[in-house]
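Read through the structures below before going on.
After this come two complexes, each holding chain A, first together with chain B and then together with chain C.
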Partner chain A sequence: MTTSNDGGGDVRLTGISKTYGSFTAVHPLDLTVPQGSFFALLGASGCGKTTTLRMIAGLEEPSGGSVHLGDQEVTHLPPYKRPVNTVFQSYALFPHLDIFENVAFGLRRRGIKSVKKQVESMLELVQLGEQARKKPHQLSGGQQQRVAVARALINHPKVLLLDEPLGALDLKLRRQMQLELKRIQTEVGITFVHVTHDQEEAMTMADTVAVMNAGRVEQLGSPSDLYENPTTTFVANFLGTSNLIEAEVDTRSGEDIVLRAGGGKLVLPGSRCSAPTTAGGKVLVGVRPEKISLAHADEAGAVPEGRNRITGRIADSSFIGVSTQYVIDSPVCPEFEVYAQNIDRDARLVPGAEVVLHWNPAHTFGLDAAQAIDAGTGADEAAA
Partner chain B sequence: MPFVNWLKRHLVVIAGLVTLGYLLLPNIVVTVFSFNKPKGRFNYAWQQFSLDAWKDPCGVADMCGSLSLSLQIAFWATLGATALGTMIAFALVRYRFRARGAVNSMIFLPMAMPEVVMAASLLTLFLNMGAQLGFWTILIAHIMFCLSFVVVAVKARVMSMDPRLEQAAQDLYAGPAQTFLRVTLPIAAPGIAAGALLSFALSFDDFIITNFNAGSTVTFPMFVWGSAQRGTPVQINVIGTAMFLVAVLFVLASMLITHRRTKQKA
Partner chain C sequence: MAAATGAPPLTPGTEEPKPPRRRGRLTPYWLLLPGLLWLVVFFALPMIYQASTSVQTGSLEDGYKVTWHFVTYWDALAEYWPQFLRSVLYAAAATVLCLLLGYPLAYLIAFRAGRWRNLIMILVIAPFFTSFLIRTLAWKTILADSGPVVGALNTLHVLDVTSWLGWTAGDRVLATPLAVVCGLTYNFLPFMILPLYTSLERIDGRLHEAAGDLYAKPSTTFRKVTFPLSMPGVVSGTLLTFIPAAGDYVNSELLGSTDTRMIGNVIQTQFLRILDYPTAAALSFILMATILFMVTFYIRRSGTEDLV
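Let's turn to the complex of A and B:
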């Protein structure tokens, strides 16, 4: 693959926005997708991620800002003049053409006469060589999806745009196609911009994820970065599960911030706090459920020094094979979630038992308390 | 009760055959009587088998002239109505404009209005405009009443079409003209074809509107009507049978093509 130094496959969005009447679908947005990367736009439906994608494709005219592909400005170019191709949600295969002609469509429109070899090798890449003469409706969902990818990739676009391409597939096939798409991306080295509402999908496939909410990018980073160190409650709740506790800043000791929550003290590394920390100010303290250890109240003395600890009572526990998920009723947080690996289970840890939760302060993150604590949870997803 | 059981099991088939018979009986009568050798001028009672009329289909004065006129009018009316109707259908589905709702329901008016009313008002219009009644007035009238049927047929097809298909075509380097020719038109084609066939059939056998607006021109349905007063030549049955056979051939051909296609794919 040619990796030119002119940033050939970079996508640069500068202050791009989209409004429909009085509704703002995308607020002015700056985004750079580096050449050759697998980039995911993640968010609930209606968050502006598809609109952003369509503005890159040229299917939506931006209300403001500009789109660059490499050094070329394409903001006002029609879609058929842009070196990008799209894999549409529900694929949009041409029903009146067979698979071969569907895949050859882009080549033919650019006046390329001998398409046979290219189409055949592309169909091989997506393992559909046998199906060339079938019509789209004769293929399964997964096969149609692969045709849609082949039809786009054969044109060697600078950027491949994927609009929820796996949304219509069942879970097992989706997992399979995730790996397949990742393999193809590595093989062809083209920049992929992938729109999805499935956080697991975004995390498994993408190098970089931009989490969008209400027309804005909430946070951008590698999947592990977003997961380990979310900077907003939306990201904390939308990507996996977070326990959020309201706390008050007590003192700073060196790099660490000491907080008061429900009579106890919690320590938070200053570098992992995205909120202003003035003494007496409020902060939301977060910790992921799998980072927490659970000890019976009788063993409280055995918890090592220097760990964040809170007390509570087990309200509910469910065994799900690899782990057990506990819901803890605690004075600082009514539904504290803890996932414990099923090794050396303590038989006393049943609903009703008094427990001590403790974790390494390095796994704590701090968020601005001015935000809604339940942003990005299932509750507002269902409303979207 | 073996008979009742047999009846129960075959009820659907029996009902189907009876319905088919009901629909086809007139055609059968027309066909049978095209081989008649009537005594006198009326072909209403079976006399004896004869091929005379089939050997000389144009043997009746002026009949083939009117037939050819009807075919020409049907051809041009189909062309005009299909082109205009397709454009109207696309406009109604794709674009939001003022009075779109009104246009949408007005399109149905010619279908609902009694033909004789339309015929009379058209005649008034033509006379007031000082138009010479004949081929052109018939053609204009036919395009008018065929239009609604084309719009309805094409609209249904365009409405069920995924707009993303055209976006996909544009995304794959097809400009507006290419997108229309390569994607939009082929997908809308079945609806357009249905509209065209309907137009042809409606125009070819229209009597009421044509009769009002034809002046001294005589189309085939007018000829049949006129001759029915004075005696019906067997050739009318020959033409009727031939038209029926052509239609049957069309249906068989299209069935054969679809059958072949599905077989190829399997």
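Let's turn to the complex of A and C:
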């Protein structure tokens, strides 16, 4: 994360919270979004990410805490006095105005001259120059989405807030718009705060992602940092897939922690463990499915020394082109997932085969075992 | 595989299924028929009858004959144009008052009433449970010379102003233009509120948020977003108020005087007291044509055709 020196365009949330009656949508939250960054608030529906965004926009009055844009406190300013613009989830384009007037709306309200020139060049930026005199309902979803972005961006806000802006688009268009938004952000250099429930979207677009759960920020970091070093089971499961194994701390050897799981031993780098490790204590050991190599049990001897290894039986395999996804039934973990690149396929690796799973200990991460092991998998979401 | 072969085979030998459209094609006409019959019997036929009456001459004793006597129209207009003008003025005044009173209320119900919404809606419709006539008679009591309303207006010297404007006469309200316009406003107010409410309620609340987000003050949001989007309601509300108000005669009859006679009163008198049927029919047609003309012009001007 880089922080600008003058703090001119930083969004600073200090202890901001929101309660509705006895329900707490957002627990006191501290967050700094550096100027010029593409920041994503990621979480399942109802996690408080949209509420947080709306508090920055001024559409929701915080129950506590403060909001700063640069040096200016805006906590109690109405939305129309904030140098912030929003791209709404369903775009909220004005149906009685044509595209040109929709985009010109903010400029006209602030009494800015040269509206025509600015609107035209903004419509060029989002490739809608031809559509200026159409009404919103005459455009496709993707085009409406671009109008919504143009309508907000033309005001040169200090921060652009995007509330699930791609939610209504189909998958292909969504991918296309993700790249488009990223391009626009790089071009205009405005701070973007993007709310989404789509982890792939957050990871491909944002420089920094804050994963939210139940009104709290679980973890904040760059997409690769969050993916490689999750600190909670929610993040480990919500971002991609993680195999989590319950293990017991055995000894410490130098930088590494040696753990017992099932009958075998696993090694975990101490720096990658976010949980307290006292001998005999429990830790959740995690590893991503694509980090694991798969060998047939007959080849067990060929597995190099120094790698973490567990045994199991292939329960299921599905071929998806670039890779094959295996589900392994192992004594330490009932549904262990392994993604193997389709380079040299071993014909013996079919359901029912006994296998050895092994991986570089450096790819292991450790989590506090006091958490629910299935948080963020979707299984808990369905129950909630 | 097993499932695929086990699926029932298409029954061979049966003739091509007939497209099931045959009967469906007539359905719209069947659906149209009851309403159409009703309109023919109770609207089209009386209209034709009235049209023929308007160009007849004769007397009750000798009977009437169609003589294509279009002069009746000219005579009727020449004699009763002040009442026509008055009808349009009173109806317009009542419509404007209804809009001024009804818009804030409809706005309140649509956006701010919360759990009181249904209760307020019922209160708006409640007067319909009583007869139009009785409600208008009640206004006679409300505006009575010795009543509290007139007393209060007198004390506040409001009546001096309205009398100077020619809306009231002396220290009376009853039997003045003001009383008639008040009655019209009261009686047609729900016809203004309901369409206004319907179109306001359909406005997506996020549009207000979007306008605020784009630097529009609440008053600007109203001017630039809410009001334009409620235009369909404004247009239908004003039409539903203006049209019946222009043809109304009950309010003028009960709350007005001979100086406040509207065209409805003239038509009623011609039909039922003077028994001059051709003139009455001609006046009816002139009124209809006037309203039709004004409404067409109004809808064109307001440009609501392409609003959602």
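A few remarks follow.
Quick note on the criterion: the second predicted complex is superposed on the first by the 374 of 384 C-alpha atoms of A that agree within 3 Å, B and C clash if a C-alpha of one lies under 4 Å from a C-alpha of the other, contacts with A are read in each partner's own complex, and residues count from 1 in each chain.
Definition applied: a contact is a pair of C-beta atoms (placed from the backbone, for glycine too) under 8 Å apart; a residue touches a chain by one contact, two chains touch by 3 or more.
Worth saying up front: this structure is predicted, and the values here are computed from it rather than measured.
For the composite obtained by superposing both complexes on chain A, the positions of chain B and chain C are in clash. Contact with both chain B and chain C is seen for A:R109 once the two complexes are overlaid on the shared chain.
Once the two complexes are laid over each other on the shared chain, residue contacts for A:P95 go to chain B and to chain C alike. Contact with neither chain B nor chain C is seen for A:R183 once the two complexes are overlaid on the shared chain. Of the two partner chains placed around the shared chain by superposition, chain B is the only one that A:R133 touches, whereas chain C remains out of contact.
In the overlay built on the shared chain, the residue A:R252 is in contact with neither chain B nor chain C.
In the superposed model, A:Y80 lies in contact with both chain B and chain C.
When the shared chain is aligned, no partner comes close enough to touch A:R345: not chain B, not chain C.
Overlap of the chain B and chain C contact sets on chain A: residues 57-59, 78-80, 84-86, 88, 90, 92-96, 105-106, 109-110, 151-152, 155.
The touching residues of chain C, counted against chain A in their complex, run 204, 206-207, 209-217, 220, 224-225, 228-229, 307-308. Touching chain A in their complex are the following residues of chain B: 162, 164-165, 167-175, 178, 182-183, 186-187, 189, 264-265.
Residues of chain A touching chain B in their complex: 57-59, 78-80, 84-86, 88-90, 92-96, 105-106, 109-110, 133-135, 138, 151-152, 155. Contact residues of chain A toward chain C in the complex are 57-59, 78-80, 84-86, 88, 90, 92-96, 105-106, 109-110, 151-152, 155.
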